[in-house]
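For reference, the structures are reproduced in the following blocks.
Two complexes are shown next, each including chain A; its partner changes from chain B in the first to chain C in the second.
And now, the complex of A and B:
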């Protein structure tokens, strides 16, 4: 029941619930994306009847582009694995009791965190040799391997900060309780601190992975054969028709969106789930 | 000053460490221009992304369902696709659809240059993050504070300007600074569409002088210092703006 008065003493509760993306389910992305890509394609198709329509050109090239995208994902997996391993060690170095280790790890972390991803990629690309002499064998050092190394540098620095932040965010009572139970520092870290940190590290770590995946296209600037490079080549081989540009670049945007959006949603869900567990 | 520059020429002759952007005037001007282009691009993007953030946050509080949905869609699309592809999309796909204008040399040039497209694209990219940041800040202001202001007879605009915004600004400052640092780092992407910023000019110099190692190391340290100074200044600002007894 409600009363009409000039002085509303009690306001109706109106909770502001966060809405899902456009109020759509996950599978709705597909038809919308298809319309987004093929819409301009169809519009242009009417004007160019004699040439192949942008839609069918895109379909012709889609398998190749998808292969390129798979290569992007491989780069992102490898760079993430490498960066996580080294970054984890670096992060533990940042909470070391030795001042030298602590300060040098801090400096390395800050250095690679402050440098732009593209500059680090250039750094790895141009300064690493194209082949290495290992025990008399010439080991080739291809571009994509250098790209993985170059991308793992900023990942390493960010993982290091995530580890440090997670360890620092734990209440110091955990350390003190472990100490009073006569755990050594290594045991405390391994059995008490890190298991609790995993939950805190997971959402930012996944966020970082999503950023890394989006950064893999940078490798196209330095000439790795990933999806962006292949798109450029496909466009060039089609004779640089301007009406092809929007569908092709839109297709790449869609690929990354389909891959990264679920990760972002999952990260938000994880954050909410772990928010109340301390 | 000339003496110092000459010293680097001697350094090159003696040791082979080639830093032409210090002793050669032409290269020096290029580098300085590149540096200021980076700063200028960052400032332009900062300005427009802040505006996008404020308007977006305001629209997200709209009572129209579809306004909120469109803003949400904008945020999710720009957050979950690579900024480089966005840049290419803007520059190549949309840039070619726009009309061309006659330039001073009798030729035709696009209506918007690469710098303008880089500014637009990066502003939208950073703006998507800013919307979320501003919204969370406005939501963080306690309802009771607004109610207290209402009880004191503040008007709606006054509450927004004098109560909500100053408090929200202090809450979001760390996140905003984080985004700003990311923005400065993302300006390197403008290299891909030939905006003459720092990375691009460094690339030009190492193409001319074949001194990739020196330029790369210099570039790393230049960005490290630039971002380091920015982070340091922002941290000081954050401390100065801290609300006593509010938050950590």
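And now, the complex of A and C:
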């Protein structure tokens, strides 16, 4: 069976390429190792003798930076969860039989999908109140929560498109067969269409998660205490020594790489696996 | 409904159907009695498939009337689910649900739609799979079955809903030649059991063997019809003759 689709998920992949561990080849160790070892070392060479070596400064700050990174991950989990739930509903809205629902869902999706993430983040930061009145109680509305809301908006729009695309990529015969067996539309969606869509949605969804994780550092611009903000503060409190810049930011790059690269490889693996199941 | 078995089970009267500017059906009328097997034949694009898809409201019609056991299909207030419980359909591309096993494909609709007890539905489903001669394939996924086997599962799936009439839309057209026979055999069994069948087919030998009545359509109208003996031997219309000479 062949499907009309523009989803890269459904394109045939080369089945014969051998898959090394995490897609890493031997020579990849070289550049990664260079960054890890010589990055700080190089900076050390530039530094003056009376100061602490950049590597040991980095080691001193590493626990705090790791905490900051964990905060980035928490933001990414929450924004992904929120965006997936709302985006899933929005995506189903896009295939609704009701024209009003369909068109408004489409509009919301397109609006947030074509908006810069940073602008959405600023909107969430400065338009949402810092506390809310719930039944007379003042509930604080901290910055990190606003960041989650702000980042979940583009996630929502992208998930909505992933859902719509996956549903549309199924052959119409599946709908017709279900209809002629007297399933209701809701039953058809729930029992027949969506279960088949999950595996098509998984790779682009994970891809989106990876992009979102890397975008969580945007929250530093609006003052959330995530890894980039903390790095800036750490560097400032070390007196802004220029030789510390490379090791500190290199460390953050490494953290994101170690976290996101396996996700990317797993996505590729999933795409290959599902490219053959029709 | 005030329908009695003495009246046609499916009654199609002066049906018109257009897709935009394309006038596909231009006034088709035919009656199918309970237990009848009718074959609709004709060149590609003559509206055969469209016609039977109108019978279970997969396509709507612009003019005319289709009644299934007295239920008017061309009624804006039509309860489509009610209609589709009476009318089964088997498709050219099988359209099995690929994420479910053969057994689940067959028993899912009775459980979910007819709210049958799961164990009863499973028992019926196993019996139906046996009936279409696929014993031992209950737990196979559609992707693991040949085209002919998939199509027989699709027939069993349709039968599980205990329809009063089944529509067959070119069900052998996508099959390998060597598996066509097993599917036709299954349909023949149904016909012998007294199931009312409406078939769109290109299998002339099969039509001649099992059909009670044959309709030849061309360009949206029924050109000629009759019982197979007279239809195949004494076709009167020149278009019918030309079609038959090409295909036989």
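Convention: the second predicted complex is superposed on the first by the 234 of 278 C-alpha atoms of A that agree within 3 Å, B and C clash if a C-alpha of one lies under 4 Å from a C-alpha of the other, contacts with A are read in each partner's own complex, and residues count from 1 in each chain.
The rule we apply is simple: a contact is a pair of C-beta atoms (placed from the backbone, for glycine too) under 8 Å apart; a residue touches a chain by one contact, two chains touch by 3 or more.
The shown structure was predicted, so the numbers you read here are calculated from the model rather than taken from an experiment.
Taken together in the superposed arrangement on chain A, chain B and chain C fit without clashing. Of the two partner chains, chain B is the only one touched by A:252; chain C is not. Judged by the touch definition given at the top, the superposed model places A:264 against chain B, while chain C stays out of reach.
Within the superposed three-chain model, A:176 lies in touch with chain C and out of touch with chain B [touch as defined at top]. Looking at the shared chain after the overlay, A:147 reaches neither chain B nor chain C. Of the two partner chains, chain C is the only one touched by A:191; chain B is not. Between chain B and chain C, it is B that contacts the larger number of residues in chain A. Overlay on chain A (Cα): least separation between chain B and chain C is 20 Å. Touched by chain B in one complex and by chain C in the other is not one residue of chain A. On the side of chain B, the complex with chain A involves touching residues 65, 68-70, 72-73, 76-77, 79-86, 88-89, 92-94, 96-97, 181, 185-189, 191-192, 199, 212-213, 216, 219-220, 223-224, 227-228, 231.
Those residues of chain C lying in contact with chain A across their complex are 56, 58, 80-81, 84-85, 87-89, 91, 93, 95-99, 108-109, 112-113, 143, 154, 157-158, 161. Here chain A touches chain B in the complex through residues 19, 21-23, 110-111, 114-120, 122-123, 126-127, 210, 214-218, 220-221, 228, 242, 245-246, 249-250, 252-253, 256-257, 260-261, 264, going by the rule given at the top. Those residues of chain A that touch chain C in the complex are listed here as 1, 171, 173-174, 176-184, 187, 191-192, 195-196, 277-278.
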